[in-house]
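Consider the two complexes below, in which chain A is the common component and chain B and chain C are the respective partners.
Presenting the complex of A and B:
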């Protein structure tokens, strides 16, 4: 990305640089409209690895991998709010950052609009689950670092799960565990957990977050062209997947209690 | 009742028992008691809790330890580092303030902050309210509350000799403080 002006807080390299453009050697293997999904069924998600409690100095933390997406989440707090007026409920802040090496194209370390919108989506997904009324005058800060990204929708879904697991690891009271799933509409099919390539080939993408223990939704996020019928099908499919994911995450969290 | 509960999971209550009061870690939703922390539920008397020892913000009636960071003629500011016996992580201290009318229970109008606290003293206090936007209101108006550790001008640890005096073991000089009654007396 082009930088406007001299950044005095970093070592400055060339003013502009571009990633090399490679000839498409694998053009024949690429997916085309009408073909089946490569490597997995439409209702399969990528393999998940989740580990709470990896960051020592954080009050709570979680690390999650889904396929090529790798996200680390750290929670600090409840701690004192600064420069804020009195409030008798706690506040929840979410900050998300992509590492420069997390995408095929290098991302500048400076925060941009996309980081903010994804952070807001994750904040919206987990805010209804936190019992903020038990934390007057305090602030909970969540820092999410995307170490490798393969699909923006996957980052939102995985980031929400990691943030919720980290909240529980930190011992903050929550109403329920948040599970989140993304989907893409390709042709007439609903494909769960799309990769970056699948999402760009689809006509619409969708992220659903819910609390399966309570049977409530916390967030819906839709992009592209999706008809109401497809939307309802999408929601049903995602909700079933969230229930399964909740069981997996629950088992992981139970093991941490047994160990400690 | 020997299974680890997840947040949102209903708590199985003993049949034909009165409904327990809910402490930290549980809540009611649609007439169902659910966990809000990860752990094992425990019933003590009539209170159901999911105990978890972790650093938490001060609340009214919390016993806190803090060090004096700033003094003014009418109040002393503390940096709260221990809440209910649990230390807060470094860098996550809360701010508390002891107003002159909260220093002791007697002779409130004659209190001089400079005769009760000095910068750097470690003070035990009780939170009386959430206070204002920045500070919790702290009181030391009990015999067991007040300064529990102080350093003299000569750099030695002061020893309490009465409820308002401390002596330096090195120089023998008396300094004024609002002393906490030592435990075991």
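Presenting the complex of A and C:
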């Protein structure tokens, strides 16, 4: 990958370097469009591991792993807003960073458009759940680091769950826990929680975030070609999955977070 | 102490134990120096360690599948993830057979309230520089071993570390993570084709580990009040220290590679000698 210029704040490598090229195609039997899903059923998600409170420097934190996707999230705040005019509502900042080794191709440590669009998606997913009106003049900073990514949709979904769990770990008032599920339309089927490869071979992708405890949706993200009927099926399957996930996340939080 | 009154005013209710814990934490916030002094007077540190004791170290390698080599290191609560990405580049004109080793440490805003989001902070720049110096001066990886075809193609190893939780002594933790990630790195077999001028790798041949030379291990100490030597300082202790001393040793033989000192040099005791002796002892323990 070409490096864009010289950055004197970092240790620099050569001006240009490229990811290795392989002469032979991947030896494994590759999945092709039209075949059955490898490894799991269309409505199965990858196993989730969630651990709240790993980062002791932060007010609240959570680490989530779904398959190969590994995301750490830390919350600082509510703390005083700096350099901003008076607000009678609190502010919620979401910042997301990919580690340089998180993707098949190295990411130079520069903020790009993808970081921001995922951060915005997560912001939208959790914003309706936070009681910002109780925190005038304050800022809540949510920092998310993607240690390893497998599918952008999965990053948004796992990131939202981690952020919501971390908010609760930080003891910040919320209306409800946010659960989030991603899906892809592959052929005529709805495949939940697609990997990077599955999502790039799909017609369209979809991320649904909701608060199952209140029965309300907080955000929907849809990309690509999806017919209205498919979209409704998609929403139904995702919502059911979110409800299941909500129970598991709530149980984990009950076991680990101590009320003080 | 005036803090007692503050604590009592803040908590009208609560059990006696809770009140005492709250008083202690308020005291720690308001008078960090006096707080540390009182612990040290008893021969202990706020986290219960003796002055020369180290926090528990755990290393987990190879958990990141998108990296060519990776390691996660926990030193007490300090957590660092490191991943190695290998790419191919043209070598420098004056050193046609030498590859590149590019270590960088990122201290993102998530790891501590001290750090702000944005470009690398001064701390991160200084640490990255010290890590590069430690890796090159120890000769952990002879750069000639990264040559694919002299003058045409060499490997570039980007060794990127990210701190997830910053609780002091990031230098030791990161160096350990970087070395463990390099040990875990496997490179594909690459060949340069003179006619097409392309470098291609093979998936059929098994990946090979790096030819590592001397393995550096570092031990950092802080000097408090110019006579107390604290091993492996935490984030709470670090800002109160006059001096920080890092001793870099060769893991195998225990010989010194470098010693660096930051801050005031007016240590009344033989601090350097004590640090080096403790570093040797710690190095031996780490190997077992």
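Here are some notes:
The definition used in the following text is that the second predicted complex is superposed on the first by the 247 of 260 C-alpha atoms of A that agree within 3 Å, B and C clash if a C-alpha of one lies under 4 Å from a C-alpha of the other, contacts with A are read in each partner's own complex, and residues count from 1 in each chain.
In the analysis below, contacts are C-beta pairs under 8 Å (C-beta built on N, C-alpha and C of every residue); 3 or more make two chains touch, one makes a residue touch a chain.
These numbers were taken from a predicted model, which means no experiment stands behind them.
When the shared chain is aligned, chain B comes close enough to touch A:135, but chain C does not. Once the two complexes are laid over each other on the shared chain, residue contacts for A:177 go to chain B alone; chain C is not touched. In the superposition on chain A, A:76 contacts both chain B and chain C. Of the two partners chain B and chain C, it is C that touches the larger number of chain A residues. In the superposition on chain A, contact of A:257 is made with chain B only, not with chain C. By the document's definition of touching, of the two partners only chain B reaches A:214; chain C does not. Overlaid on A, the two complexes show chain B and chain C touching the same residues of chain A, namely 57, 76.
Taken together, the chain A residues at the contact with chain B in this complex read 57, 59, 76-81, 84-86, 88, 129, 131, 134-138, 168-171, 173-177, 211, 213-214, 250, 253-254, 257-258. On the side of chain C, the complex with chain A involves touching residues 63-67, 70, 77, 79, 81, 83-92, 100, 102-104, 106, 108-113, 117, 119-120, 125, 128-129, 132, 156, 158, 160, 162, 164-167, 188, 190, 198-204, 235.
Residues 1, 9-14, 16-24, 26-27, 54-58, 68, 70, 72-74, 76, 95, 97, 99-104, 106, 109, 141, 143-145, 147-149 of chain A are the ones that touch chain C when the two sit in their complex.
Residues 4, 6-9, 24-25, 27, 29, 34, 36-39, 52, 54-57, 89, 92-95, 130, 132-133, 136 of chain B touch chain A in their complex.
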